[in-house]
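For reference, the structures are reproduced in the following blocks.
Two complexes follow with chain A in common, the first pairing it with chain B and the second with chain C.
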Partner chain A sequence: MVENRPIFTFFAHLTLILGVIIVVFPIYVAFIASTQGSSSFLSGVVPMLPAGHMIENYRTILDSGFAASAPVWRMLVNSFVMALGITVGKIAISIISAFAIVYFRFPFRTLAFWVIFVTLMLPVEVRILPTYSVAAGLNLLNSYAGLILPVIASATATFLFRQFFMTIPDELLEAAMLDNAGPLKFFKDIVLPLSRTNIAALFVILFIYGWNQYLWPLVITTNQNMTTVVVGIQQMVNSADSDPRWQLVMGTSILALLPPVLVVIFFQRWFIKGLTEPEK
Partner chain B sequence: MARVQIDKVRKVYAGGVEAVKGVSLDIADGELVVLVGPSGCGKSTLLRMVAGLEQISDGKISIGDRVVNDVNAADRDIAMVFQNYALYPHMTVRDNLAYGLRNRGKKREEIDRRVTDAAKILEIGDFLDRKPRQLSGGQRQRVAMGRAIVREPAAFLFDEPLSNLDAKLRVQMRGEIKQLQQRLKTTSLYVTHDQLEAMTLADRLVVLNKGKVEQVGRPLEVYRKPASTFVASFIGSPAMNLMTTEIGDGKVKLGNGTTVRPAHLPASGNVVLGLRPEDATLAASEAEAHLVLTVEFIEELGAERLLHGHSDGQKMTISVDPDTPLSDTVPVRVNDKALHFFDVGTGQRLQ
Partner chain C sequence: MQTKRVTFRGSWLAYLLVLPQLAITAIFFLWPAGEALYQSVLQEDAFGLSTNFVGLANFKALFNDPNYLNSFGVTVIFSVSTTVLAMVTALVLAAMADYVMRGATGYKTLLIMPYAVAPALAGVLWWFLFNPSIGVIAYVLHRMGIPWNHLVNGNQALILIIIAASWKQVSYNFIFFLAGMQAIPRSLIEAAAIDGSGPVKRFRTIIFPLLAPTTFFLLVVNIVYSFFETFSVVHATTEGGPGDATEILVYKVWHDAFISLDLGGSAAQSVVLMVIVIALTFVQFRFIERRVEY
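What follows is the complex of A and B.
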C-alpha cells in the first residue's frame, strides 16, 4: 500500500485496534477475575478492576487445586508432556514418511501417499470408539502413551513435508549421491537442515493442536492424576457441590494460556529468520 | 586420470522413448570432449549415464579399465558440475567442498590441504566461510568446480555449467575452464548446447542429433568438413547457407544462371550446396557476380557486418567488411574452393 492519506491511516488503525480489543478483552477479564476474592462474584457483576488476591489465588490453584481434582501444576505437566509428545512424534513420523514417499521408489508408493492423504478427511471424532477400544486393549488407559500415541500420526504434516521436499532440486540429491552420501546421510545432512524453518512452523501449529486436545484426553483418562489442564478447566466449572469458584477457574485458564504463548514467542524468531533469509 | 569408453550405449525410458540410440565414443586420458547438440538430442542423458545417475539400457561404459554399468555413482571416481551448481545451501563454501571428502573418510589434514589447494586454484579463498546465497553467480560456479576439483577424480563431467551465467561471465569462465583442464589434465566430458562454447573448449567435438552421433572430430575439422547438413547448420555462427542446386557438366549452377567450376565435384544432379557466410565476398560489379543478394536486414557485429537476405528465392546470409557501402541488392562472389556438398535425401556430406 502506497496510500498516504490521514483518513486511511485512521481507519486502518481503528480496524486494528478493534481487532486487538476483541482478542484481548476476554483475556483481560479472565486475568482480572483471577485476582478477585471468593465473594466478588456473588453480586453477579463481573469485576473490571484488579483486586488484591492474585498471589493467594494462584498459590491455591497450583498447590492444592480443587476438591477431588489433581493440583493444577500436575495438569499442566500432563498437558505439557502430552503436547510435546504429540508434536515431536508427529514431526518425526511425518518427516520420515514424507522422505520415503518423495525419495524412494517402491511398489504402491502412490497408493501409500493417497492412503495417507485420504486420512486427512477423518477427524479424531470419527474413529474415537475403535481407537478407544484398541487403546484399552493395549492397556494404554490413564497413561502418557495412551494420550499421545493414538493421535501421533499426521497426514497434514506428512503432506506439507512432501510438498516441501518436492521443491528441493533433484540436482542436490544427485550431488549428494556423487559425494558418497547414502539415503540416511542425505536425510541427516541435507534434508533435515533445509527443513528447519518448516519444522519450526509445524512445531508451533502442532504444539497448540496437542495442547488444545480435549475429547481424546477426556475419553482416555479417568484417573485425576492424568487429567490435562484443558479438560481440568471444564471439570472445575462443573463441580457439583457448590458454585464454581470463578477466580480459580479463571486463574487456571490464564495458566493454561501461557505455554502456547511462550512457544509462539520463542519460535517466532525462527519464522522471521526463515522468511528473511531464504535458503534457496 | 583415465580413459572413458562408451560402447554402443542406448537409453530407453519407460514408455519406450529412446533418448540415446547407440552411441560409441572413446575419450583418451586427459582429453576434453564436448557433447553438443540441440535440446532433446540426448547429450545430457548420455552424460548422466556416465555419471551413474541414469541406468544404462544397453551397451557398456567403462572408466579406466573398469566397466561401470553396475557401479554406484559415488564409486565411479567421477565428479560432476551441475547447471544450477547444486551447492548445499545451508553449508559454507568450505563445507560444500569438504563434504564429499568427509563422506569418503579422508583425513582432516588431507581435506584441509585439498580444499586450500582448490580454493587457491579457483581464487575462492576469500569466501570459504560464506554460504552459497551470499555469492554471485560466477563465484557459485567456481565453488561448484571446486567441489569437483577437490575430489581429484578420474574424470570431470560438466552439464551445461555456464548456461546460468551472463554473457560476459560465460566467456570468461569458458577460458578459465579450458586453462584449468589443461593444467589438471583430467579427462573431461562437457555438455553444452552452445556451439561457440563447444568450438572453443573442445579437444574433440561430438555433435549429437536425436540420440545419434552426427560427427566426431576436432573443432576445426568439424567446422571445415561438416559431415551432414545438420552439423553444417549447427556449428558455426552465423550458420552455413544451405541451398538446393544442380550439378551438371562439371559445373555447379548458382542463381542468375551463372556457374562455378570447383576443383572437384563429388556428384551430379541435385545437391544441397553449403556456403559459409564468410566464404562469400562482394563482387566489384554485377558482371563478375555469381549471385545477387537482395538484402532484407543487416546485423552490425563491429568486426564484420552480416547481410541477411535472399537470392533466387533461397535464404542467404553473408559476412562482409563493415566499411562496405550498402545497397538493397549486392553482387556476390563465392569462393569456389570452399563449397560443401550434401546429399539432398540423406543430408550426408558428399566427398
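What follows is the complex of A and C.
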C-alpha cells in the first residue's frame, strides 16, 4: 500500500471478501447438502447449516454408489489412475523429445518440432469422432490405456522444457563432453536435476488437467466400472431430478473436487509459477 | 529455429527420443484430423451401404441449416458473455488484492480454488444452487419476484451456464492479472502517488495500460476456453436445452456424431472448429513472438 486511505482500503477488502464469498459459496452449499438426510430435499429450500448424516451419506456413496452407477470408490480409483497416467506420461515423453530437439542436430528436426506444435492447436473436442474411431480400431475402449494414451501427446509440456533447456548454459554441455559424458549420462546427471522445479510445476498443472478430463472418458468408456468420477456425476444429476437424493450427488461432487483443490492449495507456489512463467 | 552452439552426434538416439511423442501425435492427432477432413467431403446413404464424394455439399448444408446457425449465435453470445464476465471480475479482484497487500495471500488461496474444479462440476454446483424447486438462489430470486426455471426458460438456462463457466475461469484470469500487476515497478506507482493521483486514477493511467499484453493474452485464452472447453458444463447440466437454447458448437459436434449419427455433418463441423482454433492459436502465437522480441 503506497498511501493511507482507510475508506478505500475498507472498500478494497469488502470487494475481496465479496469475491471470496462468491467463489466459496457453491462449494459450501454442496458440502452442507451432502450432510443432510434424504427428507431435507422433499420440501422447500436447501438448509444452510450442516446436519448429522455426513458419515452415513459418504459411506453409501463410496461403498455402493447409486442411480445404477459403479461405487464411487471405484470411480475415484479410475480418476487417480487416469490423472497420474496422463501426468507422468506427458512429462516423460515431452522431456525426452524436448531434449532431442534441443541437444541434437538431425535431419527432419524442424519437421518433428512442427508436427508436435500442430497438436497444440487441436483440442479433443473438435476431432472427437475420428479420434474415437481410431481408438476403437486399436481396441482401446474401456481400458486405462484408452483413457490415458490419446491424451498424453501435447505440445505444451514439450515447449516448456524446450524453453527451459535453451536457458541451460552451453558451458555445462561442453564440460560434460570434455569429461566424455554421453548424451544419456548428460541427461541423467545434469538436465534432469536442473529441471526439478519445472517438473514439479508441470506435475501440479497436468494432474488437475488429467483429473478434470470429461469428454474423452465419456466417449471411451461404456463400462460402468471404468467411468471416472467427474463423468459419473452427470448420470447422478440426471437421475436426481426424478429421485431427489441430492445429498448423495453433492457428496460425490465434494469427493470429486477435493483432490485437485487440495493439490492447488498445497502446491500453490509451484502451480502459479508453472502457469505464469512459460507465458513470459 | 534456435539451436545450441554445440550438440551431440548420433542421430539414431535422437530419433528414438522423439519417437514416442511423434507416434502418439500421428496416431491420435494427425490421423483423426485427416479423417475429419476426408469425412467432411463424403456422404453416406440412408442405409450406410455406400458413401459418395459430395465435395463441399456438407459445408453448404451446414451453413444453410438454421439449427447450426442458431448454435453459432448461441456460442457467440455465450463466449462473449463468459469472457467479459470472467475477465472483468478477475481484473477488479486482482486490482484490489494488489492494492491491499495485507492478507493478499489469504484471499489468493481462496480465489484460485475454482481453477481446480472441473467445468462439469462447476456446472453441477451452480445447477444445484439455481434448482427451481430447492435451490437457494432460485428461492431468493423467487422471493424477489423473479420466477426462475431454467428447465423451461432458455434465456435463464443460458445465463446459468455463463455464470458456471465464468466462475471457474475467474481464478485463472486472477492469477495472471495479479502476476502482471506485481511485475509493474513499485517506483512507478509511488511516483504517481506522490504526484497526488489516487488509486483509481493510478489504475486507469498506469496499471491498466501496462497490463495490455496480459489482457490481450487472456482475451484469446478465454475465448478458446469458452469455445472449446465448455462442452462438459453444458453436457452435465442443460444438455443443450431447453429446446436448443444452450446448444453450443462443441456440444452440437458431439451430439450430431454420437446421438444423431450424422457423420458427414459432424465431420464438417469439426473442420469448421479446427479452422477457428488454428486462427485463434495463430493470433496467440504471433502475439507471444512479438512480445519475446522486446
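The definition used in the following text is that the second predicted complex is superposed on the first by the 246 of 280 C-alpha atoms of A that agree within 3 Å, B and C clash if a C-alpha of one lies under 4 Å from a C-alpha of the other, contacts with A are read in each partner's own complex, and residues count from 1 in each chain.
Following the convention adopted for this analysis, a residue touches a chain if its C-beta (ideal position, glycine included) is under 8 Å from a C-beta of that chain, and two chains touch if they have at least 3 such contacts.
A quick note: this is a predicted structure, and the numbers were derived from the prediction, not measured.
Contacts of A:88 after superposition: neither chain B nor chain C is touched. Looking at the superposition, the partner that touches the larger set of chain A residues, chain B or chain C, turns out to be C. Once the two complexes are overlaid on the shared chain, A:174 sits against chain B and chain C alike. After overlaying the two complexes on the shared chain, residue contacts for A:126 are found with chain C alone; chain B is out of touch.
Contacts of A:51 after superposition: neither chain B nor chain C is touched. In the three-chain superposition model, chain A touches both chain B and chain C at residues 174, 177, 279.
Across the interface of their complex, chain A is touched by residues 51-53, 72-75, 78-80, 82-90, 99-100, 103-104, 133, 147 of chain B. Chain C contributes residues 1-8, 10-11, 13-15, 17-18, 20-22, 24-33, 35-36, 39, 89, 92-93, 96-97, 99-103, 107-122, 124-129, 134-136, 139, 167, 170-172, 175-176, 179, 186, 189-190, 193, 198-199, 217, 228-229, 231-232, 235-237, 250, 253-254, 257-258, 263, 266-267, 270, 273-274, 277-278, 281, 288 to its touches with chain A in the complex. Interface of chain A with chain C (complex): residues 1-3, 5, 8-9, 12-13, 15-16, 19-20, 22-27, 29-30, 33, 41, 44-46, 48, 93-94, 96-97, 99-107, 109-110, 112-113, 115-116, 118-123, 125-131, 133-135, 138, 149-150, 152-153, 158, 166, 170, 173-174, 177, 182-184, 186, 208, 211-212, 214-215, 218-219, 230-231, 233-234, 237, 244, 246, 249-250, 253, 256-257, 260-261, 263-265, 268, 272, 275-276, 279. Considering their complex, residues 169, 171-172, 174-181, 185, 189-190, 193-194, 277-280 of chain A touch chain B.
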